[in-house]
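In what comes next, chain A is part of two complexes: it sits with chain B in the first one and with chain C in the second one.
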Partner chain A sequence: MEKIGVFICTSCDIGNRLDISELEATAREQGVNSVYSSEFLCSKEGREFINTKLKEEGLDGVSICACSFRVNYDVFNFGKVAVDRVNLREGVVWSRFPIGENGEILDDSVEVTSGVAFKDELMALAKDYIRMSVAKLRVYKLPVPYQPEEEISKTVLVLGGGVAGLTAALECAKLGYPVILVEKEKELGGFSAKLKAQCEAKYPYTQLVKPIVFSLIEEVQKNDLIKIYTGATLTNLSGAPGLYTAKIKQGPKEEEVKVGAVVLATGFKPYDASTLTQYGYGKLKNVITNIEFELKAAKGDFTRPSDGAPIKSVLFIQCAGQRSDEHLLYCSSYCCLASLKQAKYLREADPESQAYIVYEYMRTMGIYENFYKTLQNDPGVFLTKGKVLEVSEGTNGKVKVVIDETLFGEKVEVEVDLVVLAIGMVPTTKDEAILNLEYRQGPALPELELFYGYADSNYICFPYETRRTGIYAAGAVHQPMTIDQVIDDARGAALKAIQCLTAIEMGHAVHPRTWDFAHPEWDLKMCTQCKRCTEECPFGALNEDEKAFPIPFLTRCRRCGTCFGACPQRIINFKDYSIDMITSMIKATEMPEQGYEQYRFLAFVCENDAYPALDMLAYQRKSIPVSIRVIPVRCLGAVNVAFIKDAMSKGYDGILLFGCKFGENYQCHFIKGSELANRRMENVQETLQQLALEMERVTIDTVAIDEIDKIINKTNEFVNLIKSYGENPFKGW
Partner chain B sequence: MGNIEKLSGNLEAVKTICNYGGDTAKKCYQCATCSSVCPLAPDEAPFPRKQMLYAQWGLQGKLLNDPSIWLCHQCGDCTKYCPRDARPGDVLASLRLLATRELLPFKFLHTLYNNLWGLPFLLLIALLIILPVLFLTFQGIPNFSDPTVFPYNPELHYKILFLDLPARVVMNDIVFLSLAIFIVAIMVNAVGKLWQNYLDYYQIPQAYRYGAITILKNYLIPALKEILAHTRFEKCGANSWRANPHKMLLFAFVILFITTGTVFFLADVLGMHTPWNPFTHPVKWMGNIGGILLLYGIIGLITGRNRAVLENSLKTSYSDSFLLWLILLVGLTGFLIELGRIFTFYYNYTGYIYVAHIVLVFMLFLAIPYSKFSHLVFRTTAVIFDFYYKDIQKKI
Partner chain C sequence: MFKKPLLVVGGGISGITAAIEAAEMEADVIIVESSPTLGGRVAQLRYYFPKLCPPTCGLEINYKRMKARGNLSVYTMADVVSVSGTPGDFKVKVKIRPRYINENCTACGECAKVCEGERVNEVDFGLSKTKAIYLPHPMAFPYRYVLDKDALAPGDLDRIMSACKYGAINPEMKEEEIELNVGAIIWATGWKLYDATKIDYYGFGRFANVVSNMQVERMASPFGPTNGQILRPSDGAKPKRVAFVQCAGSRDENHLPYCSYICCLATLKHTLYLAEQEPESESLVFYIDIRTPGRYEKFFKRAQSEANIKFIKGKVAKIEEDEATKDLLVTAEDTISGKRITERVNMVVLALGMQPSVAGQTIPGLILDAHGFVMEKEGIIPVGCAKKPLDVMTSNETATGAVIQALAYLR
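So, the complex of A and B:
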């Protein structure tokens, strides 16, 4: 930007604790067009004042020195003018205090080091922030929305013709989006079309009804916007959201279609029961799975598999091969309800029959508690918590089940005609690629090892999202769930698919930075084909050509900047966030000369959790050391090692990085960003040691949005540790 | 593998329990809130959580062998705090009825006692036994409208050995002494069975299985003390109001029992025949105090129970109201006979009231084995067992 104006707000304690005329002078030294200060810049008058000056002076960039960029962002939006926010309020006057020995806040005039008052350090911090802002605006470029050359397809590809797929297809079609529905089997309907009955998916959730999938099939078949391929598979999916080419193989012929987004609804497979020998499966004919019992019941067959005698009693073993270290680790969530339902089949077929259910935890999801209550009330349904110890042959072809840890307080033995194992669900994505993506990172969704092969992601923050932009999971391939939940899930995924298509049309990021029109750009002239960007992108946004040059697919990109952080050649930049920008910001700060004990630290702070935590810390008027300068980053993955080098050679005594938790229960908004940053910083620490510097001078830590005290402790510990090491010996070189 | 209990759900038993007012048992999901809030459940064998499970599975055997169901006084704390509205207090009441039925012969009487349709049959049975004896002792059908013919006939006397007995005394002795013998016989048998069940259920070693005399000698007195003082009952939370009227009612029965015994001795043996002057005769004083306490107790129980039903901590089944109203009517008819001699305007109806009174008393006696009134015996047995078990546990 050429013509930059600096506006300093004097309200909210800024004018009280800072010398505004000195700040104005600092801004002028940066050679900007104009500098103004005023009360309440966020007021109507303040905004009008800025607007008038913008027009009068033809400014194309403004630095608003007031509050955090996380507040009043709509107030300080001036259309096609670059705006940078200098956080003097939360970042300086509300969060930096001289603290006495007993935690009390002292006067700003107190001396922090010989001849330097706290006020001087506070002013130095504010001035540095203004210098950084002007430096940033100088290299800032206005983002241009990404518009692919190819025509964007608005068709949604739905994989799987069960309840999830059919619902998703219908929801998209209802909103006017064409749908291509691909089903592997010859008939639509999936597993639920094979059920004898299902628990009603509406209040009061107590009755059995005909599977609702049949009415969905009918509706889908009537809908002109939905094109159905049965007995078909997706053999290849290439391109990117909005621009996919899908190869669909139906019988001998293969067809190519253009699609914009994908709903993955391929459901589950039953767990392999042949491994459940401890329950007698495979050894005793009268031990079957709940899937087998369902199919038997659907045929009206209530006879023992061993001899065809009528079934008078059934014992259901819940969590068979689930919640177990040897089998599935998780709860499949449908099985308690399924066993209750099957108990009802039996009781309705023969009022004198007995249904036993041995459970570890009776879990009927949602309002299906009502169904459980209804079945509890049936005098012929006998329930107990317990652990099945042994299943063996009993008298007269019966099966003997020994149960321990029962509610009776002793081991009990029950003899029944049939034992039904409530086995779990395994997602279809567990062993098959299904999507057959033509992506550099492989044909399947990347396995996070957190969701047992399910196409899931962090539920709270990103329901339906997979790690492939434009592909949304719904139903039992997403999480184990009941038909009732599947319907809601499919609606959600359908809306996400449509949201994706809309974002691509508008040219901004799909998720989660939905306001972001900027995107990474590669200057391939300098590329050394190191493949770091193509390998590390958490979302597989890049393919490679045969010479290992990256081929970016920008509609797959989520703007995390991991590629930007990875690139050793620094050739990946955003218009509004570049290597040059951060380097200039670091260089713009003023470094005190060595030997005066005026330490300077730089902190790269993730905008998603750590930076909000800093703001909140300020609202509580808690304090972090005044020697720390904060640079917000979109993700720790977007911190290039070059920044660390620049900062160290500038003379910073230490560098701190705050990001989100990674690994199990990760909270990184870009899944892998903070993990990758951690790896990179380990390398940096090695380099520091080679330079005979203490490795702790570069420290990375993770904080959640509410961990304010952790930030306070960590920053103070860090500053004290580095002070004990002494100043950066490269200071002033 | 240790002890393994063979179990099988009993559909019929579950249905029976539901019929006796335990229809909410199946709602229980075994959270054990009931056992935690119960002020009476002992730490070493808490109830009613486990009993709820037995009820859900229809495990009659286990229920019959379990003294816990008798240690419950139906305070209703469990029912009040139950998150599933399974009403453990009411379920245990139904289990007591079930146990009573299983322990006694002539089960049809139990059926008649616990169903509204059985009421006319009960009246019929009482009349069929009382009337022939009445006609026999009064030598034909007496004129019921003339109290000097029935019941106060000064002419009709029977000389048996050294005794000289009026007709109505002979009639009552024939009816009630034989009834008492019948009841005592079946109850002793039932208590014997119950005790044996308890011994087996708790696997009491042979060495500690004392004879009846030792048991009664060592544990009856503390049990009776406790029962008379209502120490357990008074621990109740939700329905603490029940303890006092119930205690008064118990006192009333004790006083009336002593009165009857004294009257039997004074009148039948010593020939000091009634009616006596209610204002001057000390035995009459005692009888009247007993009667007033009975009315106070029973009215207190009826009104309090209605309040508890409104508060939803208690349910009143037919078996409950039957016994309450039976006792009330016994008390009322008793007083009516006595007051008829003072307020003479209905004196001529005394004969009918008298018949009604003895029919009601007959039904009340027979209620001891066949209605919830059985708790008089079985709860006492359970409390004795409780003392016995705690005592021998210390020794073992």
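So, the complex of A and C:
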């Protein structure tokens, strides 16, 4: 920015604890002429004052030295003027206190080291923050939204023509988006078109109704915006969101179409029952799966497979091959309800018949409890907790079942005409790369194995957040679910698909950084083809050319800066976040001379978790050491090793990094930010040791947003440890 | 692209999700929230199951997305009084209660320092008090104080008025009613905890150490009444043996006939909290069925391996208090052994079910089913736990899905 102004607020204790005129002088020393201070800067008058000065002096960048950027974001918004927020309130006067031996807050005049009062250190901190802000604004450039050269396709590709796919296709088309619907089978409808009936998905949740899928098929076939390919598969998906080319193979011919986003709704496959020999499957003809029973019932066939005799009794074995270490580890969510439904089929077909359901836990979630109750009230239905010990041939073609641990207290033996195994679902993505992505990092979603092959999200708050932008899963390929959930889920995935296209059109990132109009830019002249950016990108945003140069696809990018952090050549930069910017900020700070025991620490903290935690500790007026300068970063993955080197050579005594939890239940929304930073810092630590410096001078830790006490403890432990090592010997070099 | 705004009623996780997802489709969105802050139930939780991650992390991202949007506005302390009109053109009357604090508030906290009057903190389910002038919680949005005039002590008003340097306190604010003209409504008013005193044989409210599952959640929260420790209310001791009563009020014809979806998982989470706090502690879980659907099965396994849990299949019939120790005697029929058993524990946690927040209310234009859940009609789409009992992830699926339905009415 060319013309920078600095505005200092004196309210909320800032004026009480800091010498404002000295801060003004510091700003002027940085070559800023427009330096003003005022009380209550966030008031209407304060804002008007800033606005007037912006116009009068033609400022294009302002440093607001007041509160955290997390508050008053709407007040300090001046359109095209670049705004940097210096956090004097939460970051300085509300979170840095001289603490006595018993934890009490002392007066700022207390001496912290020989001849230096706490107040001096507090002022030094505030001044450093102002220097950093001015340095940042000098280098800062306004983001330029990315506009692809090619025309953006607004077509949504829906894979799968079951309830999920049909619902998604219809919802997109209703809002005017063209849809290409690809179904592997010859007919639309998926599994639910084979059902005899489904449980109603609304109050009172007690009835069986005709499967909703038939009306969906009809509507889809009538809709001119939906182009249907049946008996077809997607063989290749290349390009990026908004700009995909999909190859669709239908019989002998293959067609190329342009699409913008994808709804993945390819559903499930039944679990392979041939492995369930302990229940007699494959050995006894009258042991069948719930899927087989459904197909029979849909045809009105209630006869024994062995001899065609009418079925008078059925025993349903729940969790057959599920919740089991040998088979599926998870619960398939639909099977309890399905068995209850099938028991009802039987009872309605023949009121003299009997149904037995043996379960460990009956799982009729939510208001489906009402449906369960209708079966509990039916005297021809016997429900019991139990463990099936044995399934064998009985008399007259019947099947003998021995059950233990029942509610009747003892082993029970029953002979029935038919045993139905409630088998589970396996997502179609488990073994097939259905998307067939032409991505350097592979053809499928990379996180499938975390979720038993489901195309699920790792984030509880964000069910559609996966590692491939523009692709949203719905239905039984997303999570194990029942039809009522499938419909809601398909609508959700459809919304995310068209929303992604809106984001591309507007030129900003998709969730989570939807506010971000900047994007990484590569200066390939200096690229050494080291492949780190292409390998480490969590979102597979980069392909490689034959010489291993990166080919960025910016509409796949989530702006996490992992590539920026990875690049040893420092050739990847954002307009508003660059190597030059952070380096300039570090250089702008003032380093006390060696030997005075005025330690200086730098902390790079994750903007989403650690930084808000720092604000929250400030609201409780808790304290972290005054010697720490905090630089918020979008993700620890976006911390380039260059920053560490610059800080160490500047004379910083230690560097702390706070990121999100990694490992199995990782919390980083950029997947591996803190994990990658951890690896990079291990290399830095080796370098430190080669320089005969203690490796702990660069320390990384994980904190969640609510771990205030952990931050306080970790910062204090860190500062005390480094102090025990002494100052950075390179200080002042 | 859109002619009319979308109204989202309720600012919990479902409402926030719906609102942001719609705003990021470039629709104008209005959120109406009844309490003084957004965040709803999830803001009261320490962790989500199954990841044991803090909900505030997701709220932070969502708030950040909201803050960047000029097309999203929020009314807090506001309730929908009536809905009329037709899909695409609804007229919604909204009553806004006075906050007595205006936008000048910087949340500096000087007022609360001098305020003497106190009020029961509903965020902590009565386990703590706040000053009469207070910030709802550390993740409050808007980040602004609220004044409960009825809780002021004599002289408080003068003290707080003079402590505020920004003219932020206005005791003269009046209740107002506004009318919104919107194209569609997403109803996301969520749930309330079933009133435990209605299950009188469990002794909630009579026995100090019978607490609710949400009270445990607040105690476990680092921002809660006990700084993150689960303690017996009677003496502040760490409980060694805790009974969890599943389906307290749920799956019961006399109370809530349906299953509340989350209580089994919440209890398993609480057993992990206890194991973290006191590795030797024991949890007794009285259940009918353990309901951990889908991938949550893994969380069930995790709790079984990391916490010391004894599962007893049987509904708790009664709870008695040992007056001397304030321990509790929990009696149930163990349906597997067929025997009636009584266990002595230090604390009882009632896994209370969820009831829709609007249950029992009459809002013209809104249709409720017999349980009080909101029924869908053209242009009015219930989501999350206003629609049916759900977990957070599924709630957000419904909230996101409702947006694509709603957008069709805004054009």
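To be clear about the criterion, the second predicted complex is superposed on the first by the 726 of 733 C-alpha atoms of A that agree within 3 Å, B and C clash if a C-alpha of one lies under 4 Å from a C-alpha of the other, contacts with A are read in each partner's own complex, and residues count from 1 in each chain.
Operating definition for what follows: a contact is a pair of C-beta atoms (placed from the backbone, for glycine too) under 8 Å apart; a residue touches a chain by one contact, two chains touch by 3 or more.
Remember, it's a predicted structure, so these values are computed and weren't measured experimentally.
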item: Combined model on chain A: chain C and chain B, fit or clash; value: clash
item: First, second, both or neither for A:Q354, with chain B first and chain C second; value: first
item: First (chain B), second (chain C), both or neither touched by A:W515; value: second
item: Partner chain(s) touched by A:G103 [first = chain B, second = chain C, both, neither]; value: neither
item: Per-residue touch tally on chain A - higher for chain B or for chain C; value: C
item: Touching partner for A:F40 - first (chain B), second (chain C), both, neither; value: second
item: Partner chain(s) touched by A:G409 [first = chain B, second = chain C, both, neither]; value: both
item: Partner chain(s) touched by A:G251 [first = chain B, second = chain C, both, neither]; value: neither
item: Touching partner for A:R363 - first (chain B), second (chain C), both, neither; value: second
item: Which of chain B and chain C A:G300 touches, first, second, both or neither; value: neither
item: Which of chain B and chain C A:Q485 touches, first, second, both or neither; value: second
item: Chain C collision site on chain B, chosen from 5-13, 77-85, 329-337 or 347-355, when both complexes are overlaid on chain A; value: 77-85
item: Residues of chain A contacting chain B in one complex and chain C in the other; value: 362, 373, 385, 407, 409
item: Of all residues in chain C, those that touch chain A in their complex; value: 13, 17, 21, 24-26, 46, 48, 51-62, 64-65, 67-68, 104, 106-109, 135, 138-139, 143, 165-166, 221-223, 251, 257-261, 289-298, 313, 335-338, 369-371, 373, 375-376, 388-390, 392-394, 396-405, 407-408
item: List of chain A residues in touch with chain B within their complex; value: 352, 354, 356, 362, 373, 376-380, 382-385, 389, 402, 407-415
item: Chain A residues touching chain C - in the complex, by the definition given at the top; value: 11-13, 40, 42-43, 67, 71, 73-74, 171-172, 174-175, 202-204, 323, 329-333, 361-370, 373, 385, 405, 407, 409, 451-452, 454, 456-464, 479-481, 485, 487-492, 494-496, 498-499, 502-503, 506, 511-512, 514-515, 608-609, 612, 616, 619-620, 661, 665, 667, 669, 704-709
item: Complex contacts: residues of chain B adjacent to chain A; value: 1-9, 11, 14-15, 18, 26-30, 50, 53, 56-58, 84
